[in-house]
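Given below, in the form of structure tokens, are the structures.
The same subunit A turns up in both complexes below, where it pairs with subunit B and then with subunit C.
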Partner chain A sequence: MSEITNSGILTTDGIPLKESLKKAERKNKIRALLLVAPLLLFIFFTFVMPIGSMLTRSTDDSYINNVFPKTFKVYQKWDRVGLPSEEIYATMFLEVKQASGFEIGKASTRMNYAKSGWKSMIKKSKRKFKKISENDGPFKDKMIEVDKKWGDPEYWLALGVMVDPTTYEYYLNSFDKKYDSEKNIIDQPEERRIYTKTWIKTFKVSILVTFFCLMLGYPISYLLATLPLKYSNLLMICVLLPFWTSLLVRIVVWMVILQQKGVFNNFMVISGLIADENRWQLMYNQTGTIIVMTQILLPFMVLPLYSVMKTISPNYMRAALNLGASPLHAFWKIYMPNSVPGISAGGMLVFVIAIGYFITPELVGGKDGQMIGNWIGYHLKTTLNWGLSAALGGILLVIMTVLYWIYNKLVGIENIKLG
Partner chain B sequence: MSIKEFVKFDKVDKSYDGEVLVVKNLNLDISKGEFLTMLGPSGSGKTTCLMMLAGFETPTNGEIYLEGQPISNIPPNKRGIGMVFQNYALFPHMTVKENLMFPLEVRKVEANEIEKKVKTALDMVELGEFGNRMPLQLSGGQQQRVALARALVFEPRLVLMDEPLGALDKNLREQMQYEIKHIHENIGITVVYVTHDQSEALTMSNRIAVFNEGKIQQISSPDVLYEKPNSSFVAQFIGENNQLNGKVTSINGETCVVETDTGENINALKININKVGDNSLISLRPERVYINSKEKFDNNFDAVVKELIYLGDHIRTRLEICGNDQFIVKVPNSHIGLKLSEGSSVKLSWKTEDSRALEAR
Partner chain C sequence: MNLPKYATTGQRIGYYSFMTYCGLVFFFLIAPIFIVLPLSFSSSSFFEFTPEFMRFEPEAYSLKWYKQMLGICGVDVTTVCTNKWMLGVRNSFIVGIASTILATSLGTIAALGLSRPHMPFKALIMAILISPMIVPLIITAAGMFFFYSQLGLTHTFTGLILAHTALGTPFVVITVTATLTGFDTNLIRASQSLGADTLRTFFKVIMPLILPGVISGALFAFITSFDEVVVVLFIGSVEQITIPKQMWAGLRQEISPVILSMATCLVLLSIALLTTVELLRRRSERLRGIKSQ
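What follows is the complex of A and B.
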């Protein structure tokens, strides 16, 4: 029997069994595919494509090359010593003059990332170049006359990093690094180093929130899983109630509670636990972010924990007690290890949501409680530096993938149970 | 404490909600080394009794004594009672060996002593090779044996078993019954066993306590329970049983006469009927009924064969007699066996002492 491999088995009609099976199953497969097709297409167009296009932006530097194609071509011939030649000045002059205002605006924004000052310089030049005729060369001195920064080799050198249409500059920026004009990686100036600090803070807040969610969620889940059904249903509703309330409403309620003249501080002062002038600063800092995020993310910890604990037979604990273990020992050695899939699923879920969180830190975080998500939003909406947003988002994605991989190695992804 | 009162339930009541008594005024003595089975339908209070003994439930009233000590205030982990759970409750994240080591480790037994005891226990259930397996890698029967070994490895004074064979298939269940019985005989430990399967109870026990509605209906050895049920519930619950309804017309000392609804008079033992005129239910085991016998009996009635079911070793014959068409007789399938056919008339006879007049339900 063992010598017959599966592929070798024939049906009674002599067709290989595998082929016959495939044929018989084809209809089912097509039907299954048709059923998932709408969702698949939806996800593709609204999730995969935007993420893909966003990620390409994080390395894409071709726009500037399209606005100043000739300048960048002649620029490459420059030996980067002193000021560039008249040829470079001339092509730059012509391309600034000819490009549309929209293109110039966008391109100068990009140039400004490399060295601040470019944007105002180009804007001013675009206006003043109108008065200078195209045949009125040489342009070098005239341009310096318009804005003396044209005579500063630093600015010209800064263009060097943009010659290549793909760039890792945004990724460098995400860790407070940048290219110098020779494309060496150097630190950002002291006052512009913000991202490394923010990354560390983001991790710290996410880990703390996950920890507090676990500490608060574990006993509740245990109670939920062990109470008789009529009580546990009520408790479950209490856990889920926040889910049904608007996120903004919940955050505003927290603001009412946590502010300096808020409910909590008033209570502490009235009960004499703290002095009126020593009211606690619980909001517009990291503390506020952690408190509010813990409350908001708690259900994501409770639900997976509950569903796992529900499957742990109460007989395990009974057996452990019966065998002579104290309740604490029985819990630690028997119950806890069996709830690990729930702990890891809940922890993973809360951490992944927390690390990219945006709205809570934005509203209650103040300056100190900002997380990486807030910077992504800031660059997306305010500075329009989409490349940097995309790079920060891309790094976040990589971190989550790595975490997922480590988790899978350590615990095994099949151990995650969400219900 | 006498050896007869190794475990003593003294006027124990148990209620979960303050409205219904699950266990009512239970008095029960279990002697040392005995194999006692609590048998009853689900909801009869037998498992509750076991849980009170193990310490997972507290009696609402009354006290349980173990070796003369009241145990209501001793937590379950200090009672030194082993237990085999329904579905085994083996710790799924530990190997078989670790499962067995657990009760010894919490008792701070020395390491080489643990090794020795675990080995002995595993050998006892013939699973010496399986120490490093995880419980879920074992078959149901093997898991069952591990659970048994774990309950015995720390040498408890008493072992409780809560329907331990319920999850096994029929053949394995029978085999395990004998194994448990032999282990009990070999090490002489006291066992309290809970089941709703009467054949299991009959096979293994020294004594069986039949539970119904929170009360012990009858407590006696398996043969007495089967042969001499003293209530219609026990008669019906244990083994197969024919029942004939009627009214008591006369009582003569140990025996009485019951007249059925169709007018036949049946001679029967008077068990728990009080006076002439009472309704009674006559209980009669199918194997105590003779078909077309030439011997002389006290009870002889005509019957009509309604149905024949071939069961290999015997033919299950359903007949109509005295207005009851669910009357069962087991006809052995021997070569001298009767040639019966559906619709034929036969004569059924039985002895007075095999028919027991019980209270009507």
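What follows is the complex of A and C.
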């Protein structure tokens, strides 16, 4: 082999064959890349960059440093004992006075995350500082007169966590932790601990939905895979139609069914199973979220299960039965282990989709059914605590990536089938 | 899956209970979708089957919600009558069609590249191209909300169309790559050796063969955009009313049965789309000589 390459077979133009082949291959590679390039660039700019910029936001604390640059500079020299010196008070005074109302508003919101009380204090000071002249120092006592919180070292100490323009505080917040003034990690106060609970709830709901999807999806996938094709094609439509129907339509429908005077409760009352006055509360709670999500995600369980079960030869079961196994035993020992790839693929897919759900819990979940996605949306639109929503999103993204990596190892992402 | 004649009682019970269970699951899957059809003709202002409706009394039936949806305001209509629904329909179609065209053309070309045997970094590129389908919509919406607002793209149709195109492309890439597996590359060589240039080969040889995949990919992209609500909620303004956004608003604020009429129309649309995709899939399998047993 090496002899041939060393002696060098030449093409008609006198170039060694190996080089010529390499050249042709490179050309092919470039051509293939050029075809993919437009979409790749498009996805990069419209999708990858936005998510990347969101992630940088989750550790970014530079805004406040830009509003109070001088204060933070002199602040770093402070020994953190008692009240700060007049110099710190004076720079703070000037910077609050000079900053625009918009900047002050945004910065004070950030300061409020570190210690509540800052926002009202800054707002009040901004208004009252106008009356105090810039040459009218010293400012320490005047500031304390405007708001006595300026005289509380606790507030000054709380600023310490913001000095660094990169922060991990939002990630800590996502697990109900925070920095104290010495940058030690401590628990949030009892009444602000919501995220750990929500993470657990999100996992719990996703696991339950996956479990119910498996319980409902396994038998019908088996039926679909074993029926003759002309019947199974017809039944397959029952699985695919919900898949194609608008998500919101399905939620509306479930509201019609599950509400207090809805179809289900009416049916139960008319058939005498429950009394008119204690109709079941099936919506605006976790039960509602789980029921609706199960129906919505069931096709994602059935499709992978079906495609795996289709490949299991019926002869295996026949052989097991022939050898004297009871049907249940044969199923448990022969069919079940063969269908495990389908179970893991479907289960993983349902779980991964469920964990990032937003619309369904928002509409039918009520207070008790909210998942982590809903908190991301809430901080994005309502509280404008964008750092926290970016951090929650970042954590969710990491969980998803890990799960998909496992999914990819199990089934391969390119094997995702549609319809 | 048939019960043999010699089945024991136990087997019979097992078989019938299994069938009943499966029947119930299919009922759970499909029945809810059809509940909305009769209810949309009810004259009641609530989402419920009134006793009069169940007794088939003519007064309990009405087309008023459909009229409201279409923006026809009669004298008997007491609730606020606006044209928001039709505006939503118009916007949904504009955004849907524009993003479908973009997604289909970008996605098809990329799929052609991905199916070439010499594609470098294939797995990585595939993962990036499919990621918009995998990342939860709320994260996508959050990222776009920050990034597009810096570029002034929020509250514009351009931004919305770009966002929906990004969400739709994975479906096109997946369906077209699937059609291209088993594509006989000798056909391209034959066409080229007969003197056709690249464009002519593409339109006369490749395109007719992959067309079923391209169309079903386009339909997936369209329905993705048509059904998308999270991104619209975060990057759209009050002007960018689409059907799902209007339904969302309808469910959160003014619970009006017009939603049921719109839902009925959407169910009919989804039946039409599903039928088309199924027919295309079978045609494609026939064309490529894959027997469906």
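Here is the rule we use: the second predicted complex is superposed on the first by the 377 of 419 C-alpha atoms of A that agree within 3 Å, B and C clash if a C-alpha of one lies under 4 Å from a C-alpha of the other, contacts with A are read in each partner's own complex, and residues count from 1 in each chain.
In the analysis below, a contact is a pair of C-beta atoms (placed from the backbone, for glycine too) under 8 Å apart; a residue touches a chain by one contact, two chains touch by 3 or more.
All values reported here derive from a predicted model rather than from experimental measurement.
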- Query: Just subunit B (first), just subunit C (second), both, or neither: which does A:325 touch?
  - Reply: first
- Query: Can A:393 be said to touch subunit B (first), subunit C (second), both, or neither?
  - Reply: second
- subunit B versus subunit C as contact partner of A:14, first or second or both or neither: neither
- Most subunit A residues touched (candidates subunit B, subunit C): C
- Can A:334 be said to touch subunit B (first), subunit C (second), both, or neither? first
- First (subunit B), second (subunit C), both or neither: which does A:315 touch? first
- Task: Please identify the positions on subunit A that touch both subunit B and subunit C, taking each partner from its own complex.
- Result: 327
- Note on the structure: Residue set of subunit B touching subunit A in the complex reads 54-56, 75-83, 85-87, 89-93, 102-103, 106-107, 150, 154
- Residue numbers on subunit C that touch subunit A, as the complex places them: 1, 11, 14, 18-19, 21-22, 25-26, 28-30, 32-33, 35-36, 39, 46-49, 106-107, 109-110, 112-114, 116-120, 125-132, 134-148, 150, 162-163, 165-166, 169, 171, 173-175, 177-178, 216, 220, 223, 226-227, 229-230, 234, 244, 247-248, 251-252, 259-260, 263, 266-267, 270-271, 273-274, 277-278, 281, 292-293
- In the complex, subunit A residues that touch subunit B: 313, 315-316, 318-327, 329-330, 333-334, 337-338
- Message: Per the contact definition, I'd like the list of subunit A residues that touch subunit C in the complex.
- Response: 25, 28-29, 31-36, 38-40, 42-44, 46-54, 57, 216-217, 219-220, 223, 226-227, 229, 235, 237-242, 244-257, 259, 261-263, 266, 295, 298-299, 327, 352-353, 355-359, 363, 373, 376-377, 380-381, 386, 389-390, 393, 396-397, 400, 404, 408, 413-414, 416-419
